[in-house]
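Quick one: this structure, given as structure tokens, is what I'll be asking you about.
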Amino acid sequence: MGVDLWYALVGAVIIALSVFAFISARHLMKKLLAFNMMGSGVFLIMVGLPQHQHGVDAVPQALVLTGIVVAVSATALALVILRRYVRSGGDPAP
Amino acid sequence: MIPILLIIPLAFAILSLLLPRKWTRTIVIPGLILQLGAALILCLTIYTEGPQDYALGDWQAPLGISLLADGFTVTLLALTALIAALCAIYALFFLERYNREQFYFWPLFWFLLASLNGIWLAADLFNLYVGLELLGLSAVGMVALTSERPALKAALDYLYAALFGSLAYLAGVALIYGAYGTLAIPQLSEMVAGNITTQVAVALMSVGLLLKTAIFPLHFWLPPAHGGALAPVSALLSALVVKASFYILALIWLDVGALAVTVSAAQLMGALGAGAILWGSWNAFKTPQVKMLVAYSTVAQLGYLMMLFPLAIGVSEAAATMAWQGTILHLLAHAFAKAAMFLSVGTLVLAIGHGRIADLGGVSQHMPMALFAFGLSAVSLMGLPPSGGFNAKWLLLQSAIQSGQWHWFVVIAGGGLLTAAYVFRIFRVSFTETVRHEIQATHPMLQLSALLLAFIAIGLGFASEWPLRLMDLTGGGTP
Amino acid sequence: MIRVLGAALAAIITLLGLTLALWFAPATQVNLPQQVELNIDASGIAHPITAVLLNFRSYDTLLEVAVVLVAVVAGLALRERGPRVTPHERSADPMLQALTRRLLPLLVLTGVYVLWAGSYAPGGAFQAGALVAAAGVLARLAGYDIASRVDRLLRLGLALGFILFLTVAVSAMFGGRPFLNYPDEWAGSLIFLIEAVLTFSIGLTLLSLFVHAPGDASPQGGGDYGR
Amino acid sequence: MTNALMPIYVLATSLIAALVIFTLPERFHKVRTTFNLSAAVLKIVLVGVMAVGIANQLDYEFRYELLPGIDFILRADALSMLFAALSSVLWLCTTLYAIGYLEDAPNRSRFFGFFSLCVASTMGISLAGNLFTFLIFFELLTLSTYPLVVHRGTEKSLTAGRTYLRYTLGGGAILLIGVALMYGLVDQTGTITDFAQTGSMAELPAEQHVLLFVLFFVLIIGLGVKAALVPLHGWLPIAMVAPAPVSALLHAVAVVKAGAFGIVRVIYDIYEIEFAWQLGVLLPLAIWASITIIWGSLMALRQHEVKKRLAYSTVSQVSYIALGACLFGPIGTIGGIVHLLHQGIMKVTLFFCAGNYAETLGIHKISELDGAGRRMPLTSIAFTLGAFGMIGVPPLAGFISKWYLGIGALDAGMGWVIGVLIASSMLNAAYFLPILYRLWFKPVQGPWPDEHILAGRFETIGLLLWPTVATAVFSVAAGLFAAHMFSPLSWASLITYREYLP
Amino acid sequence: MSLLMYLVHTTPIPLLVLFPLLLALCVRADTARRRGWMLIIAPLPMLLGVLFWYCYGQPETFTEVPWLMLGLHWRFDTVLTPILLMSTVLWFAAGLYVWYSLRSGTGADEPHIGRYLRCWLLTLTGNLGLLVAADIASFYTLFALMTFAAYGLVIHDQTKRALFAGKIYIIMAVLGEGLLFSGLIWGAAQAAGGALTPVAPLIHELPLAIANSDYGMYIALLLFLGFGVKAGLAGLHWWLPLAHPVAPTPASAVLSGAMIKAGLVGWLLTLPLGGDLESAANMELVPTIAVLLGLIGAYGAAVLGVFSKKAKTVLAYSSVSQMGMITMMVGTGWLYPHAWPAILAAVIAFAVHHGLNKGLLFFGVGWLKALHGRARWVVLVLLLIPALNLIGVPFTSGEYAKDLFKDVISGLPVGLFYALFTYGALATTALMIRYFYLQRRP
């Protein structure tokens, strides 16, 4: 029961929390935040679980990096659309 | 050879981003021809030489990433190239009225194409994730292109669903990597056992992919997104994009996680499919907007794809093969038919300036070809012969008979009638002679490309053997 | 209410499933880190993460760069039209002026360092790019007019990293080697070059997304969440 | 190789015609007409060539694998040529008629396009070489006829179209289920369902017989919707709102005949008559057909519109074919098969006439027909011939059918069928003779309801008149020269020889 | 002469039959009034043909066209030619009557002359044709043609009564056709014996087939009743007293004189009559019914006829009565096969005699209506000749015909029947008296 598994388990908790937030929240911004949180949880599992198995592993770390960049881009795009939507009179918390 | 299919769209994406506006349009056709040619050549190669894999950067899997081209893959590649080509030709003329949108449309279009090709060819779970994200973002970008409020809302919903789905998928991938230490699909499919970790991983990935595929009851985002986008975008989305996540789903259930999935889970998937058929058809029957009708039809038709799982899992090999073949055919036929349908409906809406079904009267006089294309594609969607849709339905029915799953037999057979119920709403109205609107002239190519797609959907009814024979190249019933 | 209950249920199920999955995870049969170790020399990069990112799994990275590009293209497509927004008037705040002038070079420098360090230690193009973008945002806030015109030059800048990456990847094929392969002797330098250009493009990308986001970003422009 | 492609050519003539017509703009009516007519003539020639070949024992078969284990087969055999000849000849007549009927009407491109498509599907049905191929064209027929039914675009026709679809698509679904079950449970190899390979169903184990019995009726119900077996006939009288050439085609050739033809195929080429007889499916079907015959006639008596009465008459008459197919013995078979053709030409004549009355004088109701015989003598003569033919008065075509059906019934030991035939003839007389009486013996009452076409050199437009006369002549000739070697009857006998002798 | 012989020998019978049909096609509504001559020449070819055939010594003459309908086979039948000749003559005479009345303008105000002529010619075709048709299909065809075309003659006047009569006529006719068709088809099925040929059996094969069939009795009954409608069989005769009086005089004449015999001819051709059909005896029920119905017809019609108020109705009832006698004769012959040949001769003779005389009496009604004064009385007296003929007073054709029959049955064990037949003359007498009574003043 190494620290890495704890990371993973914490990741699981984060995921669970953000799932709750993502579904229950109405405001689109909150949802976006939940998404980002959930990403962190997933990345924690991604790194934690393999490292729990056989020590430091560069591969999941690289994957997480990629994942982060993708998540950032997606978040940025989501923000752009969200802002445009709100400015065109849309309700951000339908 | 194989990466050419990625390079072409990526290169053209860059070109269309950087070249002056007038060039953007000019390079579309050469690009499409190249793409189509490459896909066909690859088809031939695979057909003559058998499945191939390609180690990118010369790093063998699992360290590196491989591309895998088997019969199924090349079929999908060819499908993508063909549909994309026709949609692009349509878009060339359609977007003439959308000056600003058309500039950003093309880079996104090419990226979409690249991501689709990437997904078909991928043999790595994480690479699939990146592909899915690329696909999702470019699709969302295209949906939001008009910057109108409904479109933006639809794009947001779509984006959130896509992102949430991708993350769920990624969580599953993380578990799989944690449990097996590799991401290469061929390797995984030999190793994966039916333990709890795998099952949870498969469940997570399935939820994510179901959301992205818009399977009932996770379909809420699809109708506004597909119904609200520009016609060529809708066509691409409905015809190809949702199929990508379904493809991955099938890959996971039938190949990677074949030992981890249970028959009852497969039945549950079937039940979702049945729900999709019913719910989608019902909503299509109720909606007052013609594009929404087509979009809900996609929801319903995706339900048929889900029949693959109950029909192919836990049954005899013959039945599974038939289910698989039927699903492929349905995928192809629906892709062509739905693209044709969206394009024709798009033409109608463009010409009459609105999409209210009740006021479509008199269209048949002015736009017979568009309506005819709609009709032909409807034939395929209803699963009436002769059409690819019919052959697909036939194979699914045969598979249900073979495995004695009569409940699915009833669903599949009855689904066609539901489809007919909403499709004929359009015909019914279009035959009335009361004209309540000005009809603007549209470029004939718009109608023609829709018609061509529809003809392919019908022609697939006579040429089903080709894709099926290509598909056999994988050996067994799975990719 | 139903929504909250449903969300809670989903969360609990997720938690339960994940915990079980993690707890009972089987022992892995493949040891990928070992393979990374074995091949790290051939990759031309000393640091395993960068090696994985830009050599072993460079295809992922290529696509990832494409994702970034797509995000910015879509973002640009959604920027608001209308009368061209005049550049911000330079902020009158002397404090900000001074700070910016001093911090900017430092930020860029740190970025370059992180980029260079990537070949042997944690770091690399994305982290560096983020720093560069931060510098850009800061400059922008201070009133410098960067990247506010969407012209071909900007687009070229955005795409440059991707272009280079793709060019290098494709040029391998002209030499008869597979796509995304690097020539053995040049691998290290090529990767560094790619990273450098990527840093620039990613930085520019993030900056453009910031600059061209719809609406006035300043507090006076009316925040989206104020109402 | 040319032999293999002949069925394709025949199919292609109308298919290509359909496509070309669709793409032609509305105003090119000369080109369209020329093209349409030349395609129709070409088709007749091709069918003729093929018929001669069939008579000389040539094989025309085109097949390829459509799905794994399932072939797409187009094959010309004697039976298919009968139906093909009927549809090709009537296509020409109906097209000519329709050109006259729809003069200056809108949407002619669409109309003639679907018209040709409809004929193409009929051709496909006739040439289908196995059950699967048959199903394909059967459904295609449904689709291509719908636009014709709703062609007028009025609320009434749209409602009719909806009813039509409900019935036919429902029937199609049932047929699909039947066919799918047939392939899935009985015939994985595709031999039994191949129309050319006979004798194999009898070899199936006895425990499958219950299944076969059930399947038979599933198939028949699926086909019975189109063949308008009571109570599946509801669409037919309602579909009468369509333009007259459509009604004519639907009733005489396309839809109802497709159903009846399918029933014949199922009985003779899938189950085989002997096995069907052993299985005990023929008697229930014969009773069903008889009920339909009587019911249809009774309902016809109650109608006051010309076309409605004709429609119910069709309900009744088409079941003769099913009835004939159920008679175990060659003569009954001949009767059923030949009625396929005879009913076709007679009914088409009657509908042409009804169309002429409506188009020329605006007559829709039977009560308005008083004295029309003087105003439109040729049409009325044609109507009279058709009506007498339906009643079964010699020497018209209907008599020949009834004659053979009667003798066949007696040979099959089903003497009660005679009673049905006679009762039906009586009822036919009861609802046709009053019309004839009004035509010829009643004085004209006031002006015509809506006279569009004034009597010129002839009573109406030539294009309306001559096809009518031609089909009337056909129906006389089919009866008069029944024993001639080129008559429908002789051809039906040839079919029967080939079905029974192997 | 030899040329004529040659023509008779080689001219196909169908031409003789179809000649009126061709004429019918040439009738046009506007010129019909001037085309009365057509009715005269229409039966002429047949008349000449039969006459020359007689002159030539009644050779076997037939025309066979195997590809026409279900195999056409027409011939001159030695037995039926007297009736054929009688019918031809009657039609010729009636044609003359029509021609004259058209020319003299008596019927000038009548509408529908064209239709009348057409129906006339069609009926003529059917009536003459069925006498030479030897295959079942064409026999039935011509029978039906005659039946349906005659409707036009019946309702020609378009009066209410005529229309009502026409309705009854057509209902009974359709009923008869139905019975007939079922009988014929059943018989044909027996005759064909399951053979698969497009050619229908010849009509003279029917009696044997029926006799040998297990269901012979039913087939025979169907045919008997089916033709009985036309022959005015008691119980099926209702149309006759209605239709004959309302038709124009010449039409009544041919209806009563010639067409009514078509039913008889049907019986003669199809029923299993005759000595060589031994098994015919097992259907005794039918001939017994025939005899009974004949009796009822012979006397019942007389009773009804005596109380009717129009001369033509009286004649119509007389026809029913006379046909009742013929029915008795046929029934008797059926019951006693060995006596059949002789009875057949009697039946033919009776039929010819009745046809001609009844025709004359009907013409008489028309003449009397048109004439006045002395001429009228002359005609009235002259009409006594056919009347007496019908009654069968000595030295008349009636007596000859009846004697033929009486001779036969005198040798048969028929008991009271002989007397009944003989007293049939009383019935006829009563009717004739009534006829003259009604004609006594214009």
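Order as written gives the chain letters A, B, C, D and E; numbering starts at 1 within each chain.
In this section, a contact is a pair of C-beta atoms (placed from the backbone, for glycine too) under 8 Å apart; a residue touches a chain by one contact, two chains touch by 3 or more.
Being a predicted model, the structure only gives us computed values, none of them experimental.
Engineer: Note down the smallest number of touching-chain steps it takes to go from chain A to chain D.
Structural biologist: 2
Engineer: For chain B and chain D, which third chains touch each of them?
Structural biologist: Shared contacts of chain B and chain D: no chain.
Engineer: Strictly by the touch rule at the top, which chains does chain D share as contacts with chain E?
Structural biologist: none
Engineer: Point out which chain occupies the most central position, where each centre is the mean of Cα atoms.
Structural biologist: Per-chain C-alpha centroids ranked by distance to the global centroid put D first.
Engineer: Can you check which chain pair, A-B or A-C, has more C-beta pairs in contact?
Structural biologist: By the number of C-beta pairs in contact, the winner is A-C.
Engineer: Find the chain most remote from chain B, comparing centres computed as mean CA coordinates.
Structural biologist: That would be chain E.
Engineer: Specify the chain most distant from chain A by Cα centroid.
Structural biologist: The most distant chain relative to chain A turns out to be E.
Engineer: What whole-Å value do you get for the distance between chain B and chain E if each is reduced to the mean of its CA atoms?
Structural biologist: Result: the chain centres lie 82 Å from each other.
Engineer: Please work out the Cα centroid separation of chain C and chain D, and write it as a whole number of Å.
Structural biologist: 71
Engineer: Can you compute the centre-to-centre distance for chain B and chain C, using the mean CA position of each chain? Integer Å is fine.
Structural biologist: 30
Engineer: Chain C to chain E: how many Å between their CA centres?
Structural biologist: It comes to 112 Å between the two C-alpha centres.
Engineer: By residue number and range, which residues of chain A touch two or more other chains?
Structural biologist: 8, 15, 22, 45, 49-50, 52-54, 59, 63, 66, 70, 73-74, 77, 81-82, 84
Engineer: Let me make sure I understand the interfaces: which chain pairs count as touching?
Structural biologist: Touch list across chains, by label: A-B, A-C, B-C, B-D, D-E.
Engineer: If we count contacts the way the header does, which residues on chain E are in touch with chain D in the complex?
Structural biologist: So the residues of chain E in touch with chain D come to 29, 66-72, 115, 137-138, 140-141, 144, 148, 152, 155, 158, 166, 170, 174-175, 177-179, 181-182, 185-186, 188-190, 192, 194, 196, 198-200, 215.
Engineer: Which residues of chain C touch chain B in the complex?
Structural biologist: So the residues of chain C in touch with chain B come to 17-18, 20-22, 24-26, 28-32, 35-36, 39, 55-60, 63-64, 66-67, 69-71, 73-74, 76-78, 81, 152, 155-156, 159, 162-163, 166, 169-170, 173, 177-182.
Engineer: Which stretch or stretches of chain B touch chain A in the complex?
Structural biologist: Chain B residues touching chain A: 126, 129-130, 133, 136-137, 140-141, 144, 147-149, 152-153, 155-156, 159-160, 163-164, 167, 170-171, 173-175, 177-179, 181.
Engineer: Would you tell me which residues of chain A are touching chain B in their complex?
Structural biologist: 8, 15, 22, 28, 31-32, 35, 38-39, 41-42, 45-46, 48-50, 52-54, 59-60, 63, 66-67, 70-71, 73-74, 77-78, 81-82, 84-85, 88-90, 94
Engineer: Report the residues of chain D in contact with chain E in the complex, numbered from low to high.
Structural biologist: 329-331, 334, 374, 388, 392-395, 399-400, 402-403, 406-407, 410-411, 415, 418-419, 421-422, 425-426, 429-430, 433, 440-441, 479-485, 487, 489-490, 493, 496-497
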